[in-house]
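Input: structures, listed below.
Both complexes shown next keep subunit A, but they swap its partner, so subunit B is in the first and subunit C is in the second.
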Partner chain A sequence: MRTAPRRSRWTRALTSVVRACALLAAVSVAVFAVSDLLPSDAVAVRAGAGATAEQLDAMRAAAGLDAPAHERYARWLAGLVTGDAGTSLVNDRPVAVLVGARLPATLTLAGAALLVAVPLTAVLAWAAGAAPPRARSWTAGAVAGLAAVPQPAFVAGLVALFSVAWGVLPPVSLVRAGGSPLDEPTLLVLPSLALAVPIAAYGAGLLGGALADARALPHVRDAELRGVPRWRIATRHVAPFLLAPALRVLAVSAGALVAATAVVETMFGYQGLGELLVSAIATRDVPVVQAVALLASAVVVAGTAAADAAAALTEPVTA
Partner chain B sequence: MNTPHTIPRPGALLLSAALLAVSACSGADPAAEPDAGGDTLRYAATGSPSTATHDPHGGVGNESDSLRFGLLYDVLAVPGDDGTTELRLAESVEPADEELVEWTITLRSDAVFSDGSPVRAADVLYSLRRIEDKAAENFGRLGMFDFAASEVVDDHTLTVVAHQPYAAAPRALEAVTFVVPEGTEDFSEPVPGSGPFLFAEGDAENAVLERNDDWWGPTPPLERVEISAVADPQARAQAVSSGQADVGSSVAPSSVAAAEEEGLQVVRRPAVTMYPFVMRLDTPPFDDPAVREAFRLAADRDQLVETVFLGYGQVGDDVIAPADPASPETEARERDVDRARELLADAGHGDGLEVVLHTTTSYPGMDTAATLYAEQLEEVGVDVEISMDPPDTYWTDVFAQEPFYTGFYGGIPFTDIATVALLSDAPTNETAWERPEWDAAFAEALSTADAQERDGILSELMLELRDEGGYVVWGTGDGIDLATDDVADLPDGPGFDKLFIDQVRLTG
Partner chain C sequence: MRGSVGVAALVVLGLAVWGGALAPHDPSSTVAAPWLAPGGDHLLGTDAAGRDVWSRTLSGGRGIVLTSVLAAVAAGAAGTLGGLVAGWYGGWPDRLLSGTADLLLGVPLLLVALVLAVVLPAPAAVVAGAVCGGAPLTLRVVRDAVRRARRTGYVEAALGRGERTPVLLVREVLPGLAGVATADLGLRFVVALQLAAALGMLGLGAQPPAPDWGLMLRENLAGAALNPPALVAPAAALTVTALVAAAFARGTAERRTRLREPAP
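Let's turn to the complex of A and B:
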C-alpha cells in the first residue's frame, strides 16, 4: 500500500527533470532562431560604416557567420557540450569569461532581492488571503495594482522618490572597478527593491488564493469550530497545504526576478547578466545572447522542476 | 580568468541585507563616497559594457576603451594645443624624400613594455600593420600608408611609405597608433604596454589601472585610475553627482544646470558633435544646386543649436570641419526664407516639394534636429516626411545610402573627412561629391610641404564644398564632461585630445 504512491512520486520527479532538459533544448533553438532573424549582424555592427562588401564577407568568413544557420547552431551546441561557450563576435573575448565576470553581480542582486521578496510575499499573501475581510479586499486590490505596474515605471518611481525627492539613495549603481557590489551595499537597495516589490506583489496574488482555499478546507473549519488555537491551526492544519503552492510561487518568482534583471540592471547601470543580455542583443552578439538566455532559462526551468519535484514528494494526501 | 570576484556566500548576503536595511533607514548620504584614496580617479566613460574590448587596433567604438588604451599603450604622437602634432613615442617624423611619400620615424630609446622588453621599431611597424589589417573595423584610418612597402631601419628607426604624397603624415599618426609587442595575437586579455599606466585588475568594461613608474614621460600625478563603461549619458552624470565617479564624460546638455547647482565642474570641449544634414548630389531633387542652396538658406541655425544642444555649441555656416586649423573664415549664413522660396520656385518646385528626411536616436538630439529642421523647411514650402529609423541598422542601411538624412561627425580633421567621404573614390562618399579638380587640388595640398601654403589650399577646398556640396552644417555641439571640483587639468581640446588623461590631477 505504501510503496505504490511513493514510486509514482519518484516517477513524477524524474519526468519533470526530463521535461526540463527538453524545454532547455527548445529554448536554445528558439533563442538562436530569433537572434538569427534580427536584421543586421555582429559583423555589420562591428565594421561600422564604410567597409566594403569584400571586407564584410572576409570578416563573416573569419567569424564563421557564412555557414548556414543549422550548421552554426550545431557547432555552437557541440562547443557547449564540450564546455566551450564560444567567443564574442564583437570583442573576441571568451563568452565564459564575459558571463563569469557578470555572474557574481547578478547573483548578489537577485539574492538581495529574494531576501526582500520572500518575507514580503508572505506578508502580502497573508494580508490578501487571511486578514480580516475589509483589510483583505483592500490589500488584494493593492497587490494586484502593484503587480501590474510596468517595471520601468516602478524603477522611475523609486528613483524619483528615494534619489530625487529625498536624496537618500543613489539613482545609479555602478559597481567599482575591481570591487564587489557588497563593498557599497547602498548601491543594491534600489535595484533590489525594484526587483522584489513587483514580484512579491505578483507572488502574493497567486499565494493569497491558495491560502484562502486552504482556510476553507473542511478540516480547518472543523478545527476552528472545535476551538483549536489559531497558531495551531495555522501551523498544523493550513501550512502543509501551502507548502507545495509556496514552492511553486517561489520558483515562478525567482524566474520572473531573473527576467526582470534585464530592465533593472540596465536602468541602474549595474553591470550584471541582464545588462549584458540587453546590450548583446543590440550588437547581435549571438553567442553571448545564447549563453545568457540559456543560463536564465536554466534557472527558471530548474527552479520550476525542483518545485514540482519537491511538491510531488511533500504534498499531503488528502484522500 | 583574471577577475577577482567570488560568488557571495549566504552569510555575506545576509550581512548585506542587514546593511541594506540599516543604510536605507538611516538615510545614508549618497554623496558620502567610500574611501577612494586621494590619488585615485574614478572615470565614468561613454561605452557599452558588452562591447568593451582589449584590442586597441580594431573599431574601438567605446570611449572607455580608447581612454584606457591611451593610458596603457604609447602612441607615436598626440594632438597638441592649437592643432599641432605633439610627439610621444616618436622623437621625430620627417619626410625622407622631396615628394613627401616616404617618412622616417625615429623612436625614443627609453620606452619599455610592461614585460620588461624595450619598445623597438619592429613593434611599431607590427602595430601599424595590424591597424591596417583591421581597416574594415576602423574606417581605414591608416589607409593612406602602404605598410607592406614600409620597413624597419634599425631598433629605433623605421620608414613608412604613403600611397601618394601625404604631407599630413605626422597628424595621421596621432592618437590611434597604440603600440603593442611584435607578434601579439591574442587580445582576449590585456597585452603588455609601454604607456603611463599599467593594467592592475578588473576587466575591459571596468578596469583598474596603476601608475607605471618606469614610463619615460612626466610622472603622472595620479596613482590609480578606474575606468567604467557606462552607456547612458544620464547615468554618467548621476554617477558624478551621487559620488560614484569623479568624472563623467559626454553628458547631455540637460544635465548641466543641475550639475552647476551642485557645485560640480563643467568642462566644455568645443566642436565635438556635428549632425549635418546630408544631401546626395546624384539624386533628385538634390542634384540641382539651387535646391541645395535653398535647403541651406531654410535652416534657422540659432534655433537648431539652441534646441538640440541647449545652446552648448556653436552655430555653423556649412564648413564641414570648423575646428580644423585650415578652416576658412566665413560670414555667418543667415536664414532667408524669401530667397529660399524664390530658388525653389525657379527650380520648378513652386507648387511644393516632397522629401523624406531620415534620422535616428544613435546620438542624443539627432531626432530633435531632424524634426526641427523639417518644420523650418515647411516654412519655405517643402513638405518633409520624417523617417525615424532604428539605431541598430541606421549606419548600415541609411548612412551613405539614402539621398537625405541626418549624419554624424565627431570632430575629426578635414583631411580625414576628405579621405573617408569626399574624394571620388572615398569608401563612404555620402554626398556623391565627385569633382576631379577638387581631388587634384587635395592631392596637391598633401604634397605641399609648407604648412601655411597647404592650409591655404585646404581652406579653398572647404569653401567650395561649403557653397556647392551636399552638407547643411548648421552647428556643432560641445562635448560636456562633469567632474567633482577637485579634479584638475582635464583635457578640453577637440577630437582625440580628450583621450589622454595621464596628467590629470586631484587637488583635494
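Let's turn to the complex of A and C:
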C-alpha cells in the first residue's frame, strides 16, 4: 500500500479551514446558479403576466440583470458581504430584515434541541457501543431504526401522542408577534424534541461505532487485563480516542439539525428561518432562498471546519 | 431470520407501490363527510376533504417509494462507479473523486434538495439530493473494498493473465462487492425516502388531491384531534417502510461481517 506522507497536525487543521472556504465558494456559486436556471427571472416574477417584452427588458436593464452572470454574481456576493442581500420578490422588504427577524427564533430552537441532543447522543452511543454485549446489539438496532424514521413521520407521531392522545403539549408553536419563544417554554418542548431525537439517534449510530473501536484498541484490552479500574480506563484510555470522532459527529449532527429546522418549524408553525426558507421556496422568492440557504450552509461548513481542525489538533497519534 | 427480513422488505415495498389496487374508494375524491371517525365503510375514517384515509394510505406510497428506489439506484450507481475508479487507479483520480465526495458530504442533503426544489420538480430534487448526499458515502465504501480486492490473489492472477481492466473490474471485482452494494442500496433508499417525505410534507412534492404520504401529513396535521388515524396512518406507513429497508441493510451488512471475519 502506498503510504501518504505524514503531515503535521497544524497542516491538517489548516487544510480543513482551506477546504471549508473552497466549499463555501462552491456552494455560493451553486446557490447563485439556481436563480439563473429559473425559467422566469426576478423581474418577470415582479412585473406579472401583463408586462410586454420591451417593458421587461427595460426593467432588467434598470435592475442590472442584463449584465453577464459573473458580474451579477460578484455584485450579489459584494452585497452579501456588506449586509445587503437584496429585496424579497414577494413583499419588497430587504432580505436582511426578513432574515434578522427570524434568526433569534431559530437560534433559540436549535439551542434547545442541542441541549437535548448532546446528552441523548452520549447515552445512546454508550448503550450502542459499550453496554453489555446483549444490550448492545439490541440498542444498536433500535438506534439505527430510530435514525431511519423520516422526520415528518416522527413529528406526526409526537403530535399524535403528546397533543392528541394525552393533550399535554400544544400541537402548534405560534409565538406571539414581538414576543420571544422563551416567554412560553412549553411551545419549545415538542419542536426541540422533534429535532433532537432523530439527530441524536443518527449521531449515536456514528459515535457508537467509534466507541466500540476505541474499546477494542490493544492498550485498552491490556489495561483491562492489568485490572485497571473501569472509570480509569474510560477516562484515561478510551476518552482521548473519542474526542476527535465526537467533535466530528457533533458538527455533522448540528448541520443536520440546521437543515431539519425547515421540516420541524413548518410542521409546528414556528416562525423561524427554516419556515422562511420553505415559504420562500413555495413562492419562488429567489433572493430569500439564496440568502437563507447560503447562511445555513455557512453555519454548517464553519462548524464542520472547526470540528475538523479541533479533531486534527487533539487526535492521539497511533502507530 | 435474515431471509424473513428480506421477504418483509419485499412485501412492504410491493404493498407501497401496488397497494392502490386494493383501495376500496377513489383516493382522490370526496366520498363522505370530512373527519369521520373510523368505522363502517371507512376503515380509518375520512380526512379534511372527506376522502377515505385507508384508500389514500394504500395509494399514497407509490410515487414516494418509486422516486426513492430510483434515487437509491442512481446514488448507488454513481457512487459505485466513482468508487471503482478511485479504488482501482488510486493517484489523482482517487484524490479528485474522494475530495469531491468529502466536499459534497459537507453540505446537508435536505438543504441541497430544498434549494433544487426551486428549479426542479420534486422527484428530480429528491434524486439529485440523494445522489449528492449518498453517492459520496457509497464511493468511500466501494473505494475501500476495491483497494482491498486489488491485493487479493484472484485479482492479481487475472492481472497476470493480462485481462483488460474493464473486463477484470466487471468479472472479478464487482461480484465481490455485491454484498456491500446491496446493504448500501438499502441505506440510500432510507435517506431518499426521508427526503421525499420531507418535500411532500412541505408541499413541494405531490399536489392535492393526489394521495401521497408526505402530503397527507401536511393536510391532516391541523385536524389530527378530529380523526387521529388520518395523521397516524401515513406516518406509520412511512415509518414501517423506512424500518424494513434499514433492517434489510443492517442484516446484509452484519451477514457480510460474519462471513468475512474468519478470513485473514
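Operating definition for what follows: the second predicted complex is superposed on the first by the 274 of 319 C-alpha atoms of A that agree within 3 Å, B and C clash if a C-alpha of one lies under 4 Å from a C-alpha of the other, contacts with A are read in each partner's own complex, and residues count from 1 in each chain.
We adopt the following convention: a residue touches a chain if its C-beta (ideal position, glycine included) is under 8 Å from a C-beta of that chain, and two chains touch if they have at least 3 such contacts.
Predicted, not measured: the structure shown is a model, and the values here were computed from it.
Of the two partner chains placed by the overlay, subunit B and subunit C both lie in contact with A:163.
Applying the stated contact rule after C-alpha superposition, one finds that A:59 touches subunit B and leaves subunit C untouched. In the superposed pair of complexes, A:19 makes contact with subunit C only, with no contact to subunit B. In the superposition on chain A, A:258 makes contact with subunit C only, while subunit B stays out of contact range. Of the two partner chains placed around the shared chain by superposition, subunit B is the only one that A:185 touches, whereas subunit C remains out of contact. Residue contacts after overlaying the shared chain place A:171 against subunit B and subunit C alike. Of the two partner chains placed by superposition, only subunit C is touched by A:37; subunit B is not.
In the superposed model, A:98 lies in contact with subunit B only, and not with subunit C. Contacts of A:293 after superposition on the shared chain: subunit C is touched, whereas subunit B is not. Residues 163, 171-172, 282, 284 of subunit A contact both subunit B in one complex and subunit C in the other. Of all residues in subunit A, those touching subunit C in their complex are 1-2, 19-20, 22-23, 26-27, 30-31, 34, 37-38, 141, 144-145, 147-157, 159-160, 163-165, 171-172, 255-256, 258-260, 262-263, 266-267, 277-278, 281-282, 284, 286, 289, 293, 296-297, 300-301, 304. Residues 39-40, 44-52, 55-56, 58-59, 87, 90-94, 97-98, 100-101, 103-105, 107-108, 111-112, 115-116, 163, 166-172, 174-178, 180, 182-189, 192, 268-269, 271, 275-276, 279-280, 282-285, 288 of subunit A touch subunit B in their complex. Subunit B meets subunit A in the complex at residues 1, 3-8, 10, 12-17, 19-20, 23-24, 27-30, 34, 42, 44, 48-55, 58-59, 61, 135-137, 139-140, 187-188, 200-208, 226-228, 230-232, 235, 238-239, 242-245, 392-393, 395-397, 399-400, 420, 427-428. Against subunit A, the residues of subunit C that register as touching in their complex are 90, 102-103, 106-111, 114-119, 147, 151, 190, 193-194, 197-198, 200-204, 213-214, 217, 221-222, 224-225, 228, 231-232, 234-236, 238-239, 242-243, 245-247, 250.
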